[in-house]
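The two complexes that follow have chain A in common; it is paired with chain B in the first and with chain C in the second.
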Partner chain A sequence: MSNRSPCSNRGAELLSLLLLVSLLIGCAEQPDAVLRVGLSSAPATLDPRHATDAAAARLCRLLYASPVDFDAAFRPQPALMTWEMHAPEHYVFRLRGEAFFHDGTPIRAEDVAATYRSVLDPAQASPFRGALAHIISLEATSPKTLEVRLSRPDPLFPGLLTLGVLPARELEQARRTSAYTGSGGFRLAAEFNPQHVQLVRQVDGQRVDFLVVPNETTRALKVSRGELDLVQGGMSPELTAWLSRQPGITVRRVKGTVYTYLGFNLHSGPTRDLRVRQAIAHAIDRDALVRHAFKAQARLADGVLVPEHWAGVPDPERLRHDPARSRSLLSELGYGPADPLELTYKTSNDFFRRRIATILQDQLAAVGIRLEIRSHDWGTFFGDIRRGDFQVYALSWVGLQLPDIFRQAFHSASVPPTGANRGRYASAEMDALIEQAERAPDEAARAAGYRAVQRLLGRDLPYVSLWFEDIVVVQGARVVGYDTNLNGHYDGLLETRLALDEHRAAPH
Partner chain B sequence: MLRQWYVGVLCVWLVLACIAPWCMESGNRITLENAFAPPTAGAWLGTDDLGRSILLRTVAGAAVSAPLAAGVVLVSLCVGTLLGALGAWRGGLLDACLQRIIELFQAFPGLLLAIALAGILGPGTGNVALALCLVGWVGFARLARAQVASLRSREHVLVARALGTPDRRILSNHILPLLVAPLLVEATFAFAATLAAEAGMSFLGLGAQPPTAAWGSMLREATQFLLVAPHMLLGPGLAILSLVMAMQSAGERLRLHWQLPR
Partner chain C sequence: MGVVQLAARLFAMLVTLFGVSLLVFLMMQAIPGDPVDAMLGEQASGADRTALRAALGLDASLPEQLRRYYGGLLVGDWGLSLQTQEPILGTLAARAPGTLLLAGNALVFALLLALPLGIWSALRPGRVPDHFAGLVALIGGAVPGFILGPVLIVVFAVWLGWAPVGGADSHGSVVLPALTLAIGMAAILSRQLRAALLEVLAEPFMRAARARGLGFAAALWRHGLRNAAIPVLTVLGMQLGALLGGAVITETVFAWPGLGTLTVEAIERRDYPLLQGCVLVISAAYVVVNRLTDLLTAWCDPRIDWSR
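The block that comes next holds the complex of A and B.
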């Protein structure tokens, strides 16, 4: 029998109740002032000289100020520096006003020179070195003036100075690090952790955390539960449609510049013949693909550059879906039901790319082309494409801003590893047009030259342009004032604020 | 009767595997307008992201997974038994080498090794089958080796040797018949494991290539649309679950019938 008094029992009950209440209070979500952004993949580095993946490039933009930036029509605009072209091979850049690194030291022309010299240093093995290889000298003639001399005329050169500026003194120490003292609108709040990058906004101390959530379903669930405030891109149209139906979630679409195309091998195999490429082009129902696979979250592409680009084609000739024309071209070539054209299509293992491949396979089968799909991991797939070991493949160009893409992808001297002419397209007419556009005296003449290049591409079909994917922004109820642009940069975070009073974080 | 449910399931899948080749073409027919249709009286399991019938694709998947698993088990059984029995019978250097090779294969997780091999060989059902055979023979070799090592000292084997019976005849007439029961039990378990492994590799994109229906790749597609169209999981999920469980139960039943140790 128990000899404990009723009083001690009541005491124990009271204590339990208190514990329970304190536990419940402890478990209740506290509103926090951190804005959380979901990423589909981790940034490899925060060193702008090596930032090639989209996440790293976008984060570097927040951390480091660059000498030059682009406007909405992709014209180079002064950012840290203005410039004068003394000759097509001689530029003088000048720092505008006072700008500082996050440790308070002023940014000098010598810092810009040191950054770009280190990009050109073969020991750095920067992937941007190739594009800047025509720089002969970078000389800081005063704390605010930088003189650049080139080995060949390049009227587009200022557009190449978009990498963030690093402090010369840190570069001189020659220590390898994944992040340097920054100069942008944000600074690192903690040591660089690729899975969880913590930034602080310079002007008001607003914390912004970038969390890597590779699975898109998990990312969508985290946004719907308030564990993430913002996700930009990397989500299937079906999931964004689902998210738009969730309470407190806003989904917005912005026209993007990610250009997806079908590439052909022009060096060997049946795709060498223009009529085969034309038959494939006319067999593809791009409207149906955009309507169903993208839920209209993409727009048809009829050129490499978006129509808004200063060198883009505003009213391009549209590639028509014409299965009858495809069949007639194939029969001209001797292909028919008894002897169909058989092609191999290489793609990555990415689910969405395989889905597109399956639809293309079905559309081509309707005109009598048998497409065998081979999906590989990214490394194997891209290696095959660079080697020219393919017949047909699909890829995307991300972050196209300068028309130098035409030299890189279509000039006969740009076959990998020198450039990105992966289909081994060789046309004297194309080479001449590209060189002519590069030598044009002013922007209007250059734009006309590049439009002629794009018209020839539409005729020769080394690529079949498919679409430009939209940038889809999914944001929770706490996010106020976020906006993005054609390139999908996170610049909008400079203005974004959290509506902490109206909404609680992670309310479920 | 209910205790033998697996017989019914296996019979159903046998029939479905036989009619599967006729479902392939219609199962691959894309109708984008019908994408994500939920299950209805007309389409029992609904449609997938490309508007294809999930029921037809599930049945068509049996034509890929079941023959592949059966083929892999048969090849592994033959190779593993031959090597294991030969090693145990001959002994010496051959047996020592075989043992080291078996240990080497066992030291590494079989499925991971198969995934690595299929990754090197490239995607496709043929390469998946080859990769699974390369790791599948080990279990049979180990079992056959242990059984033969124990059987070779049995009296009837010793008598046969004393009478000068050739090795080949001793192995085929006096040892192999005694191996049938444990190997058959092992084979049923191996079939279930191979089926699951093939589904796993197809899930990773290493198996059947589009548009061929394979349960693993169908599951992968379904997981992408878990929040939008959860019905896509049902067909391939139930197919793998029912067939693996039925084979496991059949193996367990056989093991009990022949009173074999676990």
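The block that comes next holds the complex of A and C.
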């Protein structure tokens, strides 16, 4: 047996590596002039034609200017372009003043046309193609003018041109990339890395880094330690309450538009009966849920659109918590303690959503409804919902801006796979009301039409509206002047500055 | 080990990798959810769905899909991510260094913790140091990473301020996640080392070495540890293989951008080709590291005869 062991000779190398690692512990200080924003999940892409996750959509908004935007009441308003409706199927858009891509080339109507043509190209497989499928032609008739013709009247059409504009010359290249030359208030400071997106503000060169921290506790601790300056949303009420007690941390709440609802299967099972849906609706104590589960970081919803929306219902009829009425309805249907109504409730495996499910289970048990909770991973859960394999489920609509949601979610022609009428709600009256609202000649008539749609939804209860979640902004002491809006966009970063002199972030 | 035995081992490894890749492919077919739905959203028409399914090759028969899959694997074309349209191989290559760095540091920490603990308890069996080392190992092995990680963050990042809370945006970021992984590894390794060393210390060749005038430390270092290393190496190889596959929970807790977090992202986005790539790399890492461990074990112990 040899005395020289090849294994033991590695000792010195291991010790050297340890020493190196230990030395690195002290080198964790981060650059002070960078504003660091925490994200709960990575943006999949920075291509606005494919940006469907919240992080990607919000970052694209910073990087690319769009033809149209929305005001506080969700009315489409000119951004890069103004428009005229020559007919409900014919629009003319014009570029306002001079606008440039980040490489200095001017934005032309042809760039807008090329962007939207590429969205319509089936080879692109853009998730926005479905919403824009009624575009027949997009023609840049001059460097500043774009003519759009539609296959059907669409008075809401300008609100669909909110995707960022990409340079036509880059779109001509066959291969898709994750990021293009931008035109917004920020540009990419380094190659796109989904875990660490580095942006630079165009006007003053302020660096803003977006760091992905999936675990909410870690995100909260990073804010408390000054490793992150700003986190918006994605934190449980308990953590935001804890953060609000930490020195130098400010927690603010802004009304949001994320709409959460209970959906029913109207095609099969007990929930086909309106009285069952009413019994469930009256059994739920939404106030208690918002007060305790959300620590009041949400507001009750009585319709799909927020009351501030131009087509929303400003003073909706509130669904009352009335357990006696629930029991009476169930009794009418022959359900009672000896033969309780048994339902399955599907939800995702998100911890908070499961907690909500157990509270709902408890509230429904109080009126004699046995709710079996089945939580699945997102793909399985959403696949079941799309297939109609459910009785009751809870989901949220995120980023609702246009009232076309009513066609998508409640028109009988929108049953999956070509729509989001997941509960298979089929009402000739609803179809007629939606079509009537879409054909209305002006905004006042459209708003009235959509309010009638919402009244009918309140009567038929394909959904039970639960709440609109607030947007919770957590910011460190260095952040000055940040504000957000109902949609939770990061537009406020255009104005935000760092108070470097007063609060030098020194994690180590 | 001769060339023939080495070639046989490598062939066995390739067969295992083929089996793993086949299993991964079939698993992806069985996963619920439709990638076309995930890409096109709910408003797409039936015609668009059909067209995209054809473009992605999802309408082909299973044998045809399998043929394309292996054809791609063999020429290094692992396809494109459904969400980013970036080449999967490039995406995996971008995340692999993070996992390698984390696993490498975890390995070093684990050895630095396990060696003294294992040796100390083997030299004092049944006495206070042995009980203490056993208790430390028990706690280290019993506390899961999703508890240990946050505890380490609170102590070393929040209270003491010695390391960042998480992320990979500074050099010291690797320390806490590596330590989280290392403590669990060290617990197993130290007990393995203790058991092996106790056995070796009782062997006649150890007494013979001392009788030849070798000091205790030298005998332990040259003969005891070398012989005790064989079973420890086997366990270490298995653990390292698992680490290279991506420590999903630890990477998530510490926001560490490695293969583990990439796998989670692929699952959340229903990005099946990317998920397939992740699982394949994870499985391959496990197989390769275990085979390398076999080779290393044979190198350390000439008594191992692989021809049998």
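Just so it is clear, the second predicted complex is superposed on the first by the 474 of 508 C-alpha atoms of A that agree within 3 Å, B and C clash if a C-alpha of one lies under 4 Å from a C-alpha of the other, contacts with A are read in each partner's own complex, and residues count from 1 in each chain.
Here, contacts are C-beta pairs under 8 Å (C-beta built on N, C-alpha and C of every residue); 3 or more make two chains touch, one makes a residue touch a chain.
In this text the structure is predicted, and so the values were computed from the model without any measurement.
Asks: Applying the touch criterion given at the start, work out whether A:239 contacts chain B, chain C, both or neither, answering first, second, both or neither.
Replies: In the superposition, A:239 touches chain B alone.
Asks: With both complexes overlaid on chain A, does A:221 touch chain B (first), chain C (second), both or neither?
Replies: In the superposition, A:221 touches chain B and chain C alike.
Asks: Which partner chains sit in contact with A:481 here, chain B, chain C, both or neither? Use first/second/both/neither.
Replies: neither
Asks: Once the structures are superposed on A, label A:52 by its partner contacts, choosing first (chain B), second (chain C), both or neither.
Replies: Once the two structures are laid over each other on A, A:52 reaches chain C alone.
Asks: Of chain B and chain C, which one contacts the greater number of residues in chain A?
Replies: C
Asks: For A:377 in the superposed arrangement: first (chain B), second (chain C), both or neither?
Replies: both
Asks: Looking at the overlay, does A:351 come into contact with chain B only (first), chain C only (second), both, or neither?
Replies: Only chain B is touched by A:351; chain C is not.
Asks: Which of the two partners, first being chain B and second being chain C, lies in contact with A:408: first, second, both, or neither?
Replies: second
Asks: Based on the superposed arrangement, let me know which partner A:143 touches: chain B (first), chain C (second), both, or neither?
Replies: neither
Asks: Pick out the shared contact residues on chain A: the ones touching chain B in one complex and chain C in the other.
Replies: Touching chain B and chain C on chain A: residues 217, 221, 377, 380.
Asks: Flag every residue of chain A that touches chain C in the complex, lowest number first.
Replies: 1, 3, 5-8, 14, 17-18, 21, 24-30, 41-42, 44-45, 50, 52-53, 122-123, 125, 127-131, 133, 176-178, 193-196, 209, 211-215, 217-219, 221-222, 224-225, 227, 377-380, 382-383, 386, 408, 416-420, 507-508
Asks: For the complex, which residues does chain C have touching chain A?
Replies: 31-34, 37-46, 48-49, 51-52, 55, 83-86, 94, 104-105, 108-109, 111-112, 150, 153-154, 157-158, 161-175, 178, 205, 221-223, 225-226, 229, 233, 252-255, 257, 261, 264-265, 267-270, 296, 299-300
Asks: Report the residues of chain B in contact with chain A in the complex, numbered from low to high.
Replies: Against chain A, the touching part of chain B is residues 28, 30, 32-33, 35-36, 49-50, 119, 122-123, 204-205, 209-211, 220-221, 223-229.
Asks: For chain A, which residues count as touching chain B in their complex?
Replies: Touching chain B from chain A are residues 216-217, 220-221, 236, 238-239, 241-242, 288, 291-293, 349, 351, 354-355, 357-359, 361-362, 372-377, 380.
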